[in-house]
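So, here's a batch of structures to check.
Shared between the two complexes below is chain A, which has chain B as its partner in the first and chain C in the second.
Our next item is the complex of A and B:
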């Protein structure tokens, strides 16, 4: 039964996408032609694909740095038994329980130029009206969405790091304390190396989730203004469902699938290496 | 390729579509399936009341699946992919219906049209522009909208404006008066791009005329032509003079409407659906808000009005053709149904038997404005093929961000539009 469900919902759509990527199908017309690799060669000339690919890479890079770094920082803070650590843990984990649509809408309000939380706070500190339109400017739209997405992802990274910290034998950290190591030395020389398996999982999940970051982007900017925050997933949607180039959209989907496949392969390879080191 | 394999691939593309198709096939003889995008609280309620009336009068049963406006554009493609289109669906007349008709997704309704005598029911101008595609009749115009300049009456009164502009000089003077009184003259919510199209439509139609605009829409004219540059230059003047509220790309159309309703701005160029929205907020038509037609700009240029037409069409895989045709005929020709639907939904009826007294004061005058017009033009994203419309809609948003780059923006748009037309 699970195999049948997996086949219907994953394998067949996947095969269908590969199939349509070699056609000029428009999504409606049952009469379409096979165009060979034309859709794939079109990718190289598509300026919007190029900017969407760059944005996707930027998002992936941010996914490695932001949720990972912030998640680690919060996990170390909570693990050092700060007062109210359990409360902080719940608070920082909460966003991951919300749907991306809800998170996106909340951040649309935070970024609202006239009365949003961000500009209101900045206006207070700058002592003058600050009404920068974070989501409406091509310079800031993508980064604003990434910040909102990272806010949601950080809780997941934090929990994975906390699990990793729990697995580290306490006698190792106690030795550090007995030998008079500073907090930073303990983190750098003991905790971080031992957290390597958790780091691999966090980075892999963050990067894979960044490739899936369509819903929050759709709610916050729809890839705008004027395609400046398009990612490959958004570009695929635009080409398939707004321009009715279903064949070309399928070709973009195939490229996206291959990128995801490469990342998953790298993830398992790293995981194996880490396993080998620890065994 | 092998038809069986193709069907298998198509139907497996999106699994839920299979379920929809299967349920359509399994429907009872008197069941008609319909999908539409009239999902606003008020619109859905009124439509369901009319559907109940249809069911009671005809004995057919309607299986309704309403889907939000934006999601509908995707959903209908998914259903088509699975061969699971409903018997009837709502669709936008113009280039989008042309696309579906070209793709073989629609059933002609010419016989039903003649049998039901719809030539005597549907306003000729609307029938001519919205119902025929590739020489066949495919669509009944369920309702239409008109885009005009909707304004806050109190704001204009406070600024001492006694007379509404009818020409461009008068409009510029109005903007200047409002600005000098500390009120932003115009609100625009172009976050999701389409609201900006009405400015492009009217500026081009009022300066270059409907024939040139039609040429631009079908690809025989270019975006870097002098006519388009002139229209954009005028638009640029309005933006650079500070007549538009800043950050229009951060606002949706409802944000912009709210700003006018609150008095943060004086007016907004929007479709008549804004009346339904404002009425829902408790504003009184003719008292709190009113409208004036987009001013004339040049002598000798035809008076065009702009707006969309919401149609009902029958899909090519219709299971219950008789019931589907009965539904279209009933919804179009029944004057009571049309009156109830359009007067409550903030739309206008193309049924000539609908008495305009059913509309509020503002909408009654809109009917007159449309009747006096020389041509009814579809708004931009319904007038040009969807891939080209995507180019233009992004162009308008980019222009609102950096109007000084208008020439470069038009050059880029022409390259992209030419590619889209070539495909």
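Our next item is the complex of A and C:
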């Protein structure tokens, strides 16, 4: 029964997505026509699709590097038996339980040109009025949203790394201390290789979550200004539910699906390899 | 967040005086303060009057506690409606997805059949796909059923989308329930249904707690499905309501802050009480995916 419900509401729509991607359906009209690969050739020519694809790649790369790096760093610090470790853990983890809507709004305030936290702080240190409109400039909009996203996602990679660190036997780290190796040597030569499975998971999750990243963009920039922060998911929403090119939207969805499928496939393959090494 | 530099150079840990823990502590405190700043700012704004915000800064400590924003938000009938709608979606969808996950997980763990592994893999991979992939067909499906602008599509979709993670966690948990226990129950004359309800479920309360916190948080915070499936104001969930009310209170930052906090309160409470389960669930779901 669970499988049946899942099939009806997830698998079947997935198949229909492929079907609609070959039509020119507009969302209301019961009559629509088959247009073959027209939607896909439109993708090929769509300038906005190309920029959305590039933004998605940038977004993904940043979503991998920032939360993973920062999460690993925090996990290593907290794991070194610092007093109040549990409190720190909760603090860094807290943003995960906030919704994208709330996170987005908070960060819109931070970037607000006149009284936002960022510009207020910068003005204070530069001792001159600083009122750069972070979210309204095409050059900075995408990266500003990425910073907000990283703030929310770091906690997740931190906890996964912490779980990975507790699984490492403590005699290994004790040996390092006896051998007189430095902290950096310990991390680089002992901990990082042993954390490889956790890294695979963190990176895969970052990629998958970033592919889904839509809510926070919608709240903060709606893909603007001038589509400078458009991602594939955002572009798909705009084409289908703002312009009602449902057929074309389906074609974008199909591309999105194929990208996700490739990533999932790579992920399972990598996971298997890691399993083989460590079992 | 990008301003955080590399870790300070590591002093040798073999010296008698070891400054390292202190460095780590200070480092973490600074980072924690940076991390808390956004949330703290909202909290501060929500307890300031309009006048105070207009005069001074949004981000400083307030001179005195002003609760008018909360009074405004909590007396707004639209907010009541939004909260009620969200609850009416979250509660049944959480319960339904977990129940189905229990059933599925039990079958996959204890009653394997031909091809069950493959089916399980296919089900679990459903977790990884962006929802945009099935957006249009679902919209069309619910439209033809006349369910657009009701709460039903959200309940159904959240249930269906929750099945993979629930099945995964329950299967992994049921797999740890020892088989002799089940065989013993069979000898005693119990059927599978009784084993599930009387033997396996009482043992899996921790897993159920994990799933309940996870599902509750995700469904409560969701934005995309209500955005697609609702049109009229009295069907909106709280997250959608937040966005639409932002226009109404465009410069009333205090009220916006109070609204955000009221909307996040249920998940914050769940997080504070069940954070052990919550974090465990995130890691389990992730590591064993």
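What we mean here is this: the second predicted complex is superposed on the first by the 279 of 279 C-alpha atoms of A that agree within 3 Å, B and C clash if a C-alpha of one lies under 4 Å from a C-alpha of the other, contacts with A are read in each partner's own complex, and residues count from 1 in each chain.
Definition applied: contacts are C-beta pairs under 8 Å (C-beta built on N, C-alpha and C of every residue); 3 or more make two chains touch, one makes a residue touch a chain.
These numbers were taken from a predicted model, which means no experiment stands behind them.
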item: Partner chain in contact with A:227 - chain B first, chain C second, else both or neither; value: first
item: Which superposed partner A:253 touches (first chain B, second chain C, both, neither); value: second
item: First (chain B), second (chain C), both or neither touched by A:241; value: both
item: Winner by number of chain A residues touched, once chain B and chain C are compared; value: C
item: Partner chain(s) touched by A:113 [first = chain B, second = chain C, both, neither]; value: first
item: Touching partner for A:16 - first (chain B), second (chain C), both, neither; value: both
item: Touched partner set for A:137, first chain B, second chain C, both or neither; value: first
item: Residues on chain A lying within both footprints (that of chain B and that of chain C); value: 8-9, 12-13, 16, 20, 27, 240-241, 246
item: Interface residues, chain A side, partner chain B - complex; value: 8-9, 12-13, 15-16, 19-20, 26-31, 34, 112-114, 131, 133, 135-138, 222, 224-227, 238, 240-246
item: Residues of chain A that touch chain C when the two form their complex; value: 1-3, 5-6, 8-14, 16-17, 20, 27, 66, 70, 73-74, 77-78, 80-84, 88-103, 105-107, 109-110, 115, 117, 120, 147, 150-151, 154, 156, 159-160, 163, 177, 180, 182-184, 197-198, 201-202, 204-205, 208, 211-212, 214-215, 218-219, 232-233, 236-237, 240-241, 246, 249-250, 252-254, 256-257, 260-261, 263-264, 267-268
item: Chain A contact footprint on chain C (complex, rising order); value: 1-2, 4, 7, 10, 12-14, 20-21, 24-25, 27-28, 31-32, 35-39, 41-42, 45, 57-59, 100-101, 103-104, 119, 121, 123, 125-126, 128-141, 156-157, 159-161, 163-164, 167, 217, 220-224, 227-228, 239, 242-243, 246, 253, 256, 260, 263-264, 267-268, 270-271, 275, 278-279, 282-283, 286-287, 289
item: Chain A contact footprint on chain B (complex, rising order); value: 1, 6, 9-10, 12-15, 73-74, 77, 80-81, 99-100, 102-105, 191-193, 246-250, 386-387, 390, 394-395, 397-398, 401, 420, 423
